[in-house]
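Shared between the two complexes below is chain A, which has chain B as its partner in the first and chain C in the second.
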Partner chain A sequence: MGPIGENEFFFLMQGLRWTVLLAIVGFIGGGIFGILIALLRTSKTKVARTITAGYISVFQGTPLLMQLFVVYYGVALLGFEVNAWIAVAIAFTLHASAFLGEIWRGSIEAVPKGQTEAANALGLHYVSRMKDVILPQALKISMPATIGFLVQLIKGTSLAAIVGFIELTRAGYIISNQTYRPLLVFGIVGAIYFIICWPLSYAGSGLEKRMAKAAR
Partner chain B sequence: MLNSANDQPTLISLEDVQKWYGAFHALKSISLSVRKGEKIVLCGPSGSGKSTLIRCINALETIEDGKIVVEGQALDGSTKSVDAIRREVGMVFQSFNLFPHMTVLQNCTLAPMRVRGTSHTDAERLARKYLERVRILDQAEKYPAQLSGGQQQRVAIARALCMEPKVMLFDEPTSALDPEMVKEVLDTMIGLARDGMTMICVTHEMGFARQVADRVIFMASGEIVEEAEPEVFFKSPKHERTKTFLGEILAHH
Partner chain C sequence: MTYTFDFGAVLDRAPELLWGSLGTLGLALAGMLLALVIGILGVVARTSKSEITRTLVIVFVEVVRNTPFLVQIFFIYFALPLMGIRLNPTVTAIIALGINGGAYAIEIIRGGVESVSRGQIEAGFALGLHKADVFRLIVLKPALRAIYPSLTSQFIMLTLTTSVCTSIAAYELTSAAQRIESDTFRSFEVYFTVTATYLVISTLMMGLFALISRHYFNYPTR
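Entry: the complex of A and B
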């Protein structure tokens, strides 16, 4: 058994950096495309609705691990040279956009119909109607679920290890192999995840309670 | 009657309008013309199509057949015609439908800025003018949820007025209000009528109809059953259904 000292801890922190970076990339990429998915999913055009519904079903119905595999090796098979970063960024973006798109679709539909009617009666066009009236309200409605998904995404980044990322979980695995102290190492790794995720979950449920109160 | 609008040009005309919801015939061959400055009260039992009728005028509902013309612009389903008509037609809803995430002032400035391209300063000046007119300027910085129902509805009226419409449609504007708040909204509407606004109001407030309306139109089962000046309408309704309806409504009040 080896000691767990400064070096080991530093190594874990480097892993944590990747975990956070991956989650941020997935959340931002997924957020941008997720809005698009949600808007198409709620559009008047049936083709757009059907296609996005299919997209959501595929990415919600398959494991993230498999999605990472397919993007990482699939893109290479198509003859493109991609580094792991780009492949993983694409995979997380696709994955997150499907989930966020579906969450936000629900929120957009939860905004009372009278809001759209009032905006229409005032002559507001689609862009203003969405940007100024519907989306701000939908975003508020979606906050608890969005935060919940962010927590899932942070934990899901551990799967990026499969294509060679030494993120937090993978870093823990390596340290554990070096020191033969799996319980201690993964205890620390788990605590780090918890320190990041718990405040988010707490904020999410707090928001939910506040909104339930406001709705009464 | 506040004024005689007989010599005024026609602002809205509906010709043989047909509206279906699936197999339900909601509007049966409705023809109606409204002159500039006219105030019309639409009444009738629930499900008679009166709300549907005014919602067709600003294209919140589509029609299956017939013709709707507002200020010379025919509603042909094109975005251009819908835009043109919505610029001239303001609407007030039963449930106010104010934007809850915006202040009263922002509620009023949004459409002029986005639709008419009014500058922020001008839009605010306009908003303050109309908020003053509905006597609620002191609440301009508040959010809708902080206001009473009557205040919210007055803000909704001001919001519609900020687009400086030629016609105002009211869809049961006092039905969702507590009784003590009905008057403040009706007074606002009476004020508007006095200033010469063309108005079509779906309402069961018969006192308002008596005081303001040039014509009262009674609808049932998607048809215009009877229309007359308020004097005639209330004193000597011709149709049996009108009599029954009036009996119920007036007994209720």
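Entry: the complex of A and C
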């Protein structure tokens, strides 16, 4: 058995950096495409609605791990010389865009119909109606679910470990193999995830309770 | 781009994929049952008179829900042997799935139990129903109906999560895929086929859950 010293801890922190970076890239990328998906999903064009509905159910009906594998090897087949980091980031972006798209579709539909009618009556065109009237309200409604998904995404980045990407969980696995102290190492790794995720979960459920009270 | 797809190499191994799928279904089913048991026990413990028990349940739920399943399964995989318990990877995976799903089930079931109003229970007793009937007809069935959508979507998630169990070499579809990949080097074809298989599995499960719901919960509420 080896000790868990400064070096090991530093290695874990380096892994943590990738975990945080992956989650941020996935969340921002997924957010940008997610809005697009949500708008197409609620558009008047039937083709757009059907395609986005299919996109969402494929990503919600298959394991994230498989999505990682398919994108990881698929990107290589397309002939792009990309490193593992870009491939994994693309996979998380696609994954997040489907889930956020579905969450935001729900919140757009949850905005009272009168708001759309009022915007139309005021002569606002589509862009202004969405940007100034519907989306700000939808965003507020979606906050608890959006935060909930962010937590899921942060936990999901751990699966990049199975594709060989050295983020926090993989770093923990390597240290555990070196020191033969799996319980201590995975205990620390779990605690780090908890410290990041729990405040987010807490804020999300607090928001949900407050909004439920306000709605009553 | 000179790559030619060769799905034949993957389809040659179809029997293995089929056995893997059955392994996945088995893991999912056993995991769901364990999750339900943990969920129900947890809700009962959550209403216990002892503050320590109640706090322990809350801590359990929060820890499980705020850490990745992969870390949990590694922890359990290494912890059990240290406690002198030697199990094969598949049983270890079921325990991990049950613990993970159980934490979510506790929160879902608790919401359902809280949704049954006191007045209805009192009305049941006033009508002269037995305690067992009050529980079965007035508490259990409406509560089940209330939690059914979230519980079943949690079960679908659990089924998809079984793919992570490949990390401890449990017997299921993803580990079958990894074996075929290392033999054929047809990575994309293998994972594409297996992803489609998962989509079929989860779609069938969703259909089955919807069918059960239509059959069992088809009664007017007001």
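To be clear about the criterion, the second predicted complex is superposed on the first by the 216 of 216 C-alpha atoms of A that agree within 3 Å, B and C clash if a C-alpha of one lies under 4 Å from a C-alpha of the other, contacts with A are read in each partner's own complex, and residues count from 1 in each chain.
As a working rule, contacts are C-beta pairs under 8 Å (C-beta built on N, C-alpha and C of every residue); 3 or more make two chains touch, one makes a residue touch a chain.
Being a predicted model, the structure only gives us computed values, none of them experimental.
S.K.: Based on the superposed arrangement, let me know which partner A:201 touches: chain B (first), chain C (second), both, or neither?
M.R.: Touch status of A:201: second partner only.
S.K.: Is A:58 contacted by the first partner chain B, the second partner chain C, both or neither?
M.R.: After superposing on A, A:58 lies in contact with chain C but is clear of chain B.
S.K.: A:132 in the overlay: touching chain B, chain C, both, or neither? Say first, second, both or neither.
M.R.: first
S.K.: I want to verify the contact counts: of chain B and chain C, which reaches more residues of chain A?
M.R.: Touched residues of chain A are more numerous for C.
S.K.: Looking at the overlay, what does A:187 touch: chain B (first), chain C (second), both, or neither?
M.R.: second
S.K.: After lining up the shared chain so the two structures overlap, which partner does A:67 touch, if you call chain B first and chain C second: first, second, both or neither?
M.R.: A:67 contacts chain C only, not chain B.
S.K.: So, does A:155 touch the first partner chain B, the second partner chain C, both, or neither?
M.R.: Only chain C is touched by A:155; chain B is not.
S.K.: Need the overlap of the two footprints on chain A, from chain B and from chain C, as residue ranges.
M.R.: none
S.K.: Using the touch definition from the top, list the residues of chain A that touch chain C in their complex.
M.R.: Residues in contact with chain C: 57-58, 61-67, 69-70, 73-74, 76-79, 151, 155-156, 158-159, 161-162, 169, 172-173, 176, 182-183, 186-187, 189-190, 193-194, 197-198, 201.
S.K.: Within their complex, state which residues of chain A touch chain B.
M.R.: For this pair, the touching residues of chain A are 112, 114-115, 117-118, 120-125, 128, 132-133, 136-137, 140.
S.K.: Give the list of chain B residues in touch with chain A in this complex.
M.R.: Residues of chain B touching chain A: 58-60, 83, 86-87, 89-91, 93, 95, 97-101, 110-111, 114-115, 156, 159-160, 163.
S.K.: Which residues, counting only chain C, touch chain A once they are in their complex?
M.R.: 1, 3, 62-63, 65-72, 74-75, 78-79, 82, 156, 160-164, 166-167, 174, 187-188, 191-192, 194-195, 198-199, 202-203, 206
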